[in-house]
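First the structure, in the form of structure tokens, and then the observations on it.
So that you can tell them apart, the chains are marked A, B, C, D and E in the order they are listed, and the count of residues begins at 1 in each.
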Amino acid sequence: MQRRTLLTAATFAAALAGTGLAAHAADVVKIPCVCEMSGAGAVSGTNYHDGAMLAVKEINAAGGILGRQIVMDTYDTQTDPQVSRALVQKAIDSGAYAIMGTVYSGSTIVNMMVAQRAGVPQFTGSEAPNITERNNPYIFRTSSGAQKGVPALTAYFKDQLHVTKIAVEWVNNDFGKGGHDVFRKEMKRVGIDVVADVPSEQGQVDFSSDVSKIKQSGAQAVFVYLNEEEDARFLKEAKKQGLKAPLVGEVTLTGQKVIDLAGGAAEGAFAHVGLATSAPVPSIEAFVAKFRKAYGRDTDHNGIKGYIGVYAIKYATEMIGKFDRKALASKMHGLTLDVKKYPGMLLTTSWDKTGELSRESFMTEVKNGKQVVIGTVPAN
Amino acid sequence: MSQFLQVLLSGLSTGSIYALAAIGFTLVWQAAQTVNFAQGEFVMLPAFFVLIGIHWLHMPLWLALIFGLIVAVIVLGLLFKKLIVEPMLPNGGLPLIIATMALSILLKEGTKQFYGAEAQPYPSLFPQTTLHMDGAVVSVQDLLNLVVSLTIVVALTLFLNRTRTGRCMQATAQNPAVAEILGVNTKRMVLYTFLINAALAALASFLISPVYLAKFSNGETLGLVAFIAAIVGGFNQIRGALAGGLLIGVLDNLTATYVTTEYRAALPLVLLIVIILWRPQGLLGTSEGRKV
Amino acid sequence: MSAGTPVLSVRDMSKSFGAIHAVQGVSFDVMPGEILGLIGPNGSGKSTLFNCILGQLTPNSGRVEVNGQSVSGRRACDLNRLGVGRTFQQLSVFPQMSVLDNIILAGQEHRGTMLGRLFGAPDAGLTADADQMIRFFRLDHLRDTMAGALSYGQQKLVDAAMAFMAGPSLVLLDEPAGGVNLTMLANLKERLVAYNREHGTSFVVIEHNMEFVMSLCTRIIVLAEGRIIAEGAPDEIRSNQTVIDAYLGG
Amino acid sequence: MLELKDLHGGYGKITILNGVNFVIPKASITTVIGPNGAGKSTVFKAIFGLLNIHSGQVLLDGQDVTRASPAQMIGHGVTYVPQGRNVIPQLSVWHNLELGGITSPDQARVRARMEEVMDQFPMLRQRRNQKAIELSGGQQKQLEIARALLLDPRLILIDEPSIGLSPNLVQEVFATLIRLRDQGVTVLMVEQNAKAALAMSDYGLVLELGQTRMHDRAETLLADPRVGHLFLGGHIEEG
Amino acid sequence: MRRPGKPVLLGLGLVALALAPVGQTDYILYILSSWLVFAIAAVGLNLTLGYAGQISLAQASFMGIGAYTVALLTLAGVPWLVAMPAGVLLCFLVGLALGFPALRVQGHFLAFVTLAFNTLFFLVARNEDWLTGGPYGLSGMPRPDFWLFNTDPNLPFYYFTLIVFVISSALMWGIVRSPWGRAFKALRENPIRAESLGLDTRRITLLAFAIGSAYAGLAGAMFSPLVQYIEPGSFSFVQSLRVLLMVVVGGSGFFFGPVLGAAVVILLPEFLRFTEGYYLMIYATMVILLMVFCPSGLIGLGQRLRDRFRPGRELRGDMKQGAQL
């Protein structure tokens, strides 16, 4: 029976051998990407990773950061928070200068503590409000959190749609709950009555009771805060049941993926998008084209997040003139990168003391099967 | 009232597709005493066979559907039986269960690897029109899903009861020893069962994917719901699995509408526990001669 | 236990399954040290009677007393603690435990309290007793073998040894000779008789093998269609025309 | 008609048959008797291809059918009615009956035979649409026997037909078997109810410990005190 | 079982475990610690399933109960040494309750009841956010500090995990060697015979669940300070399957089976990472092949190989009797 113990020891030996990759080469800088390449978050994670990789290639072709080539290793979290924690640790052990990822908030919440402890700046794609509420000096967003995005919609509901009764349909996980909680707070603040509050399961397929409840509630508008596939299913069901109230989302609802999946049902949906791949901004149009050329497919906003994250690291590092993690983190706080001087940012972007990000954002609508920007919301 | 009708009809439509998966599960259980933990993936996968037919082999939809059905029957029926179930049956139930769990990972990851992690739009089989009935809106797709599923169930029941092969299959499932002494080729009958299971899963896949969209992770919830439906209805009865599927579909919607949305997933589970403890043979099942 | 109290007393036992009356008003006593044979054609109700006595079936009516104490409705494990051992018709060892472990298990539940057993010796202090029992059944060379790897007849011996391990006052043997070859059978019978003589344990034996029953038992009860049709010493039964008719049909 | 030559066999590693030898003539009834565990039922399973045969031969009209599968045995005109309940519980009586001829390519003939068989067992006709599980034990046994007759077998192996049957039904079953014999069918039967069975049989066969101990005309065996002795203890001395 | 050098091998194994973290990165320390934590849960399930033959698909929910209890208590300032027994005791009691269905149903049905229990636990953990933090989960649980031994850095935490693992394994060793262990096996192999030998099978069935669950609770109590963040998804049904996989792949019913199985389930995917997207597929295929060719798991495979060279020992055989579904 004790053979097993020996075997275990052998396992260790192999484990030791496997970690010989901490080799330091002076002419490279390690910026690993820890993200969701498989599991529920694979779509977002893959785009984030590919966007970041695109920036890495460009920067390396142009001579790297301070003359050093970037090495970006990929660590797949399987959309599992525990795995992501282990992998952030692994990335740090390998000598990371900064870390890209993760995208899913549930993972980021766990692994940001590891990066904080090691003092490694981390550029996350997550949008849950609580990430920047923890006084973690090493976490930075690559798109604004839901607590910034949702209030941008408040004015739209109040001043443009003039609604007094509203419904919210949200996915009952950490992502959806974050948006939902901010939304409830905002509606309370401006005095709009939330008449239907409908949580749904991740991966839910039958939205008939959800739509039917919203229909019965007499809501004049619906705030939809779901993942892409559920967005599409919800839109289809809403169209089927003839739900007339305008459907307004944050980020995902008017994305190209949702439009493809929902077919005609996405027509007329609105969304506030922090970063829209369809924004009528030349820099973003150019990025979208580059991405398509490099990968043969379209990206969603996560591709932009990854892209600008790597560029932000480059610009801030060049400002401090050396590879110093601590200095990088403190430089990022309160930093504004103007797109005219720093074209890799695509849009002028600033970070505050908590790592929260602020920049111009967009109101979009689905028209003729395309996401169209119908207005911009200034940076706050 | 119109709301009730609305959710009822939607529930029936979704439930009818659960029923198809549950029936396949039931058949395999009867024929081989096998619980297939990859049943959800069996429903997920055939939609991708169809997409391969359409996108890679440039087939028209109808041909792609036939192609998908055939590939599903070969891969999920024949190969599953020959390569996994058959060599493992003598090893008892637990290793087989673990193997089907591993198979579900393999199918999921394989699909993701070869077709991508994103959900894929899937062509509708039926027109996207709606009917208005007493204030409720019913899509033609929902109605036809229900009709097609029920037709399949009726056809299957007729096949099992009205044809010689069907009755041989029943004999094999109910009493393999007797079937054997009557000269029935019991091995072949068990194989037929696996083929039918694969075909049912494929049909469920074709019906469900226009709504569910084709995604590698679709099987996760579906498999579980199919089990629950099969158990609630009665492990050893086709009509039990049908009733179980419809019941779960409807109850899920009614709970979400009138009781609780947060705990909508809990109701089928509570039902499952109550049924197992109170009536292990299921609502419509008859107690099996075999020991469980 | 006075010599006058029967070890087992069955009164007016009846059991029916639907319209079939498997056992109808059977009464009998087993006295200390007695070996009682219970025979009868297939379907005569022997097994049903056995199961009713052992609490595996709930009889429609009737009473069972062990050493003067009513045990109706008791669970099998309680019955065992009251001193009733049994063997099974089908093979009934623990196949993936060694012979020694099989035998120790049979005794350990009679030692101390449940918690005491958790903290006490791993063998519950039974190794010596178990070894003695193993020697008694001449299984010494198989002591550490997995019981499932034994031959059919050897497993029957282990089954019997387990029934005796707790020092019962009564053992019910359900077809002990079934499927056992002649040499092994002679061994088994001789061991049973020896055990009976040494410990005064009473046996009730269900058995089809007439030679075995006739030579082992001191008294025989013949059941047919759920009733006792004859009772007496083996020689009386052997020549009883009613019994011959019941067995050969007619 | 049927000949077993020194047949050895069993389940897995347990050997039950230790050399069974007999020849039974055509159009006769032979009853196999012997104590429990003597291997009576096992002999049937060995003939019908349901057992590991270690050595020896089964000959049917001189043709070697050792280790033929059940389906092949049916093709050779042999049917088997095992001990216990052997109907398909959820199928109707009619469909259960039909299963007896399920392997036949000539289904029209099967239909015709079903009518004939139901003439012999009128109860089956009355209950043709009932589920088999709803029949009483005796009725189920009749159904099984009827099912075994469907393909005009040459040889019927029937194991303990009288278990669970009332005495008058037993007489009926025996009468059916006699009628079959008169029609030229060979019957091989295992029966606990030895006296009655031997009384209606042509031959008797005594098995003990997996070996043939006696094989003689039925009335000879009936008159033999050793038979009674065998059942009530003691051995049959060799010879 | 009498083999020379058994204590020597055991000692070597312990030394290997003690030396394993020397010179290792934090990542490896974390992976090793999480292996030991899951091994505790798997050792518990091995008692329920491997020894007593009762299938349970709810092991992750008991890890969850233990983890949430410890998280809530330690966040409220209760020391870990007090919080841990509370979590373990709660799991023991809930496990006792979950054992009751096992008195009525077995096999697949029991599997489904426990599966349903696990999913219900998940729903409660997610929906009752006043207690559990809902989908956000709970974070920032402190790692225990024992005066001179502060486990906050990863290295001491590994040793802390190792100590807990060794103590709990030793306790389990004591249980399976005691008459209880024999009773559990008897329950697996032949409950009716066991009952007829005076064994109270009801009580022993409930205990099999309760003890197995208490071990999961202990694993949860370790998981909480290890990850310092818990959320409902960490204790979903899929995680129970992982623990089951550990037990069966390692060798259900063998004492060290689940420890090895946990190593395979947690460490093997890490080794296979170089195959990138294919690693889960390779992993799944390996599990299927193992189940087809050696259903008694890796330890069974090892024994089978050894028996080739050293004939005359009895094989444990397959799990036909007890742990059958």
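A few remarks follow.
In this section, a contact is a pair of C-beta atoms (placed from the backbone, for glycine too) under 8 Å apart; a residue touches a chain by one contact, two chains touch by 3 or more.
None of these values were measured; they are calculated from a predicted model.
Chains that touch both subunit A and subunit C: E.
Both subunit B and subunit D are touched by no common chain. Of the two chain pairs shown, B-E and A-B, the one joined by more C-beta contacts is B-E. Distance from subunit C peaks, on a Cα-centroid basis, for A.
Computed from the mean C-alpha positions, the centre of subunit A lies at a distance of 35 Å from the centre of subunit E.
Between subunit C and subunit D, the centres computed from C-alpha atoms are 34 Å apart.
Subunit A and subunit D have Cα centroids separated by 76 Å. Here the CA centre of subunit C is 41 Å from the CA centre of subunit E. Among the residues of subunit E, those touching two or more other chains are numbered 126-127, 277, 280. Contacts with at least two other chains are made by residues 109, 112, 262, 265 of subunit B. Among the residues of subunit A, those touching two or more other chains are numbered 38, 172.
Here the chains touching each other pair up as A-B, A-E, B-D, B-E, C-D, C-E.
Residues 38-40, 42-43, 46, 172, 198-201, 203, 205-206, 208-210, 212-213, 215-216, 228-229, 232-233, 236, 240-242, 257, 260-261, 263-264 of subunit A touch subunit B in their complex.
Interface residues of subunit B facing subunit D in the complex, by the touch rule stated above, are 164, 167-168, 170-171, 174-175, 177-185, 286, 289. Residues 1, 5-6, 8-10, 12-14, 16-17, 20, 23-28, 30-32, 34, 126-127, 129, 134-137, 139-140, 227-229, 231, 233-234, 254-257, 259-260, 263, 267, 270-271, 273, 276-277, 280, 299, 302 of subunit E are the ones that touch subunit A when the two sit in their complex. Looking at the complex, you find that subunit E touches subunit C at residues 175, 177-183, 185-186, 189-190, 192-201, 203, 253, 314-317, 321-322.
For subunit B in complex with subunit E, the residues that touch the partner chain are 35, 84, 87-88, 90-99, 101-103, 105-106, 109-110, 112-113, 224, 227-228, 231, 262-263, 265-266, 269-270, 272-273, 276-277, 280, 292.
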